[in-house]
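Below is one structure. I have some questions about it.
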Amino acid sequence: MNTCPILPDVQASKPAVPISLTRVGVTDVKKLVRVQKDGKKPIVLTGIFDIFVDLPSDRKGANLSRNFEAIDETLNKIFELPTYHIEDLCSDVAENLLERHEYAKHAEVRMKSEYVLKKKAPASKIAGHQFVDIFAEAVAERNDVNGTDISVKKMIGAEVTGITACPCAQSIMTETAEKELLNLGVDEKTVQLFLQRVPMATHNQRGRGIISIKTADTKHISLSTIIEIIEESMSSNIFEVLKRADEKIVVEKAHRNPKFVEDCVRTMAQKVIEKFPDISDDSIVTIKQINEESIHKHNAFAERVTTIGEIKEELNNNSN
Amino acid sequence: MNTCPILPDVQASKPAVPISLTRVGVTDVKKLVRVQKDGKKPIVLTGIFDIFVDLPSDRKGANLSRNFEAIDETLNKIFELPTYHIEDLCSDVAENLLERHEYAKHAEVRMKSEYVLKKKAPASKIAGHQFVDIFAEAVAERNDVNGTDISVKKMIGAEVTGITACPCAQSIMTETAEKELLNLGVDEKTVQLFLQRVPMATHNQRGRGIISIKTADTKHISLSTIIEIIEESMSSNIFEVLKRADEKIVVEKAHRNPKFVEDCVRTMAQKVIEKFPDISDDSIVTIKQINEESIHKHNAFAERVTTIGEIKEELNNNSN
Amino acid sequence: MNTCPILPDVQASKPAVPISLTRVGVTDVKKLVRVQKDGKKPIVLTGIFDIFVDLPSDRKGANLSRNFEAIDETLNKIFELPTYHIEDLCSDVAENLLERHEYAKHAEVRMKSEYVLKKKAPASKIAGHQFVDIFAEAVAERNDVNGTDISVKKMIGAEVTGITACPCAQSIMTETAEKELLNLGVDEKTVQLFLQRVPMATHNQRGRGIISIKTADTKHISLSTIIEIIEESMSSNIFEVLKRADEKIVVEKAHRNPKFVEDCVRTMAQKVIEKFPDISDDSIVTIKQINEESIHKHNAFAERVTTIGEIKEELNNNSN
Amino acid sequence: MNTCPILPDVQASKPAVPISLTRVGVTDVKKLVRVQKDGKKPIVLTGIFDIFVDLPSDRKGANLSRNFEAIDETLNKIFELPTYHIEDLCSDVAENLLERHEYAKHAEVRMKSEYVLKKKAPASKIAGHQFVDIFAEAVAERNDVNGTDISVKKMIGAEVTGITACPCAQSIMTETAEKELLNLGVDEKTVQLFLQRVPMATHNQRGRGIISIKTADTKHISLSTIIEIIEESMSSNIFEVLKRADEKIVVEKAHRNPKFVEDCVRTMAQKVIEKFPDISDDSIVTIKQINEESIHKHNAFAERVTTIGEIKEELNNNSN
């Protein structure tokens, strides 16, 4: 799909270099998208889309009039039809592309957006907006020559910011506190009780957790559940507005729950299995954690890319 | 590899969730890197590194004291040893990581940087700096239990900016010019001669071409050749300073050589085969072109991801 | 305004270094903002806010409980109250801040967002979304000791992307075409007629025009008019979807209307005076044009920062 | 300065809209710059330049051949001549521009770059690279009609990343620890001694401090001193590699030295006066602190923009 409406015979002609292309299309197309959940008031998102088809080696270019009509029709339909699931939206565009491009065997649609949740501070209950990065993708493949048999894989995911506190620096500070208290004549038992009740200092920072799940399943994967899993896998979730009592809760929670990047990814992996028991074993899950280390200029990073089945197997094997 | 130097027994202990991790490490580590070519004066690049090892399911964390020593030693060695090949530099770090982390089976090092070429304007011969984005990667895999048998795959690539002129809008403008000249009474033959000599207007824009090649071959793949291939596959290369005579050459060249994103990718693919005849057939090549369309706010995009062998086969099959 | 709800007596205490601060506050606060125009359906924007007050030299910190209540109350009100004018929204927050912070003499609120227009392609009339960057600012100053006399200056502006075609390269190409036609025996008069009817090639590229107007006037400055002025001052406006006939119109229009960055800024300045005849002479206008040169990796830039009165005077003086 | 070498008579002609322009030029020009300090080995920086002149209302465009020669000559000279002071480099380009553009009264050159320091971890003394953002600017004004009297103002500055710990959340946690220890039967005096020796937890994060100084003074302002001031004004400086003993020092130091954004800016202001006693009172100083709050998604911000004389006066008046 070049961006020009050239004459059909030019497009159908053989290209100078007879090589097929994996993806041809447009990127960074911004569109308003209206989504809706169970009869609730619809909300409007700004979607940024990448839209591709493949191109065989014997075609110079994609059929542009058809192609742009396809994209536009589907995106307009999306804009008018209330939908909750952004991955279905990607899937509809991908299937529409294959219908219109008889020569394409593969269509791919990616979308990213920002989702807004209302969230209340833990003590004061002051409400604030929480902006979360969300994204979806659909890949449609034509399985037969005539092209009526199409299979689709859909991906959905989110990136959420929270706070992570370092277990290592905390263990150093706890050791220091222990020694000082013993030096000051406080007895061992009191020292241990105190250190259980009050978590000691450590460096902490913004952490970003990312989960995406790619599956051929038709059942919807809840984006809210993905967002919850990410938030609950860091040392604490964070808020827009915090009063004194709220700030105490967040800082204490983060320090009672120190986490390496490794810990965050492993916790997310475990929770994905718990919260989504029905996803097919061959679905692919990508889980990442990036900590914007406050004591360094670089970031700490951990990642697991695997199938749902693999994680289940590892958890089973290793729990014995 | 968490970023904290915790006690060895803590790291070697079993994690709460016994799941292995694909990549654990640090990202966005900036380092000065000195590179040198055949006895020429060394140049200093700023490298931005991502450095990872995998982690088995029975280890809480990576051995940090060893780990940071490994990274630091290798990067310091890189800084002191003249090297031309940035992919070898990544490979050295990756192998060093595997040596020090007896539990890791996989190490991965990515580097991106900016490379500066001196380039002369086509007519005036005024010299200017051309900044090109370059990147490399190495993945080291341990093949046996004892860990002395390590295989490495290296990747190298570049992104270069040039100008692309749209063939479609040009064909429309050429048609318009043809009609006007015939209307004004100019004879058909003169019209055709004129249109062969003077290319008509079209929209044109900054285009970005990207090539990366990933291989297990030990022979070096020339970065300068990759940069040349990308430049020569767009409508024209571009320059820092252009005098009147230079500008005429660049604008004419671009308009005599209009290219869709599809054309740029196909030309790059063909030239990769021509210029690198010795790369193994199973090497993976990724070729992309992004045009920052001057008539749209979105970009046009084409991509081919495949093996060297596949491209050769397509070229052979389709040339018959 | 530090971000912590510390004890009031701590905040009111003298700081260790008794120096006043120009701006204290929060940046990159994302909020949903509902705006509405003359009984039309309200639209929801994502606003990114920077919110500041000044701090006298004898106060350690800003009164945080009051401060966050102020911000939150105003922003919540904004979210619930339909408003069309984003600069009024900034102004309301700024005045609210001064009411709550008895020690502050200066409050400043900046907002940026994205505005979506429906726009039809020139020939096919296919509708597309046009995303435009918009921004506003309000500065509230307390004029008296008691603090009931507050004066406010508001700023509003937009950045719009279009296409600019270079007049210089076009004059070179026109000269070339002229010579070739004369060489081919076409008579001078026919050549001139042809060159009047068909614009010759040149390099063209994405251009970005920016206008902001800062005034103490209470009358609203139309954002749509600002957007129109910017679009009409480049070689051509651009569209999301273009069919063959549309593309011909855009490319021809851009080539009939070549513009340097200087020309774009001067045209915008003239149009601002024409379209906003009532803005006070002491209002400050900033006009910029950035061309993402397709023949270079760097950008071309022109800017005028002055008062409305100055532009009027220059236009009057120089037209004589 | 448009980017095209059009015919001189075209440029010298009157523009369609007779309005003068504040800045015309090029932005994002990348150049290699070699700098040197007192006979030490020269280092090479990548400078990103913005270069402008003003344009009178009666000139259509800037004289391009002259203009590009001016830029190029000066930048090439910079590349060849060892220089330590990047603000002098900007100043040389600005003066050269005024010499060549007889119609311009104002020339402005901005440069940003990255500077690398070798820095040792506090305990292990492991050396690492510290990358710091640096920037400079020069504005040259022609004071007379003939243009031989030129005055120049130069600006120099840096942005450094460190760690800031929140004093407010720490006071909450200290209160909590105090209560728990008293509850556990530890006597008041021991509690106070303990809390003096071991700093309690708080949220902490990456902070970015920025100082720039603009002056007509000819004496050089040390960039290293600016970088030191910024580092010492946060809770702690940070490092590339930290071993266990280093990490203890950094985390303890940050927690013994909690700082609001307000505190960081005030400390920087005081240190600028102490370390640069000779800068003229009318020099303008801009001091900013941005904390990437780990408990919020937004940033905390404080800024002071004023003259050196004003800060001195405030410090004198308020110390009485």
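Worth pointing out:
Letters A, B, C and D mark the chains as written, and numbering starts fresh at 1 in each.
Basically, a contact is a pair of C-beta atoms (placed from the backbone, for glycine too) under 8 Å apart; a residue touches a chain by one contact, two chains touch by 3 or more.
Computed from a prediction, not measured in an experiment: that's the story for all the values here.
Two copies of one chain, subunit A and subunit C, touch each other, and the residues they use overlap strongly: the shared fraction of interface numbers exceeds half. Distance between Cα centroids is largest for the pairing of subunit C with B.
Averaging C-alpha coordinates per chain places the centre of subunit B 36 Å away from that of subunit C. Spacing of subunit B relative to subunit D, judged by their CA centroids, is 33 angstrom. Each chain gets one centre point, the mean of its Cα atoms, and the points for subunit A and subunit B are 27 Å apart. The residues of subunit A that reach two or more other chains are 3-6, 29-30, 131, 168-169, 240, 242, 244, 247, 293, 295-298, listed in rising order.
By the touch rule above, subunit A contacts subunit C in their complex via residues 3-6, 29-32, 43-44, 46, 65, 68, 72, 114, 116, 126, 128-129, 131, 240-244, 247. Partner subunit C is touched in their complex by these residues of subunit B: 130-131, 161, 163, 168-169, 172-173, 176-177, 180-181, 184-186, 190, 193-194, 197-206, 238-240, 242, 244, 247-248, 250-252, 254-255, 292-298.
Of all residues in subunit A, those touching subunit B in their complex are 2-7, 10, 15-30, 50, 52, 55, 57-58, 60-62, 166-169, 171, 260-263, 265-267, 269-270, 290-291, 293, 295-306, 311, 314-315, 318-319.
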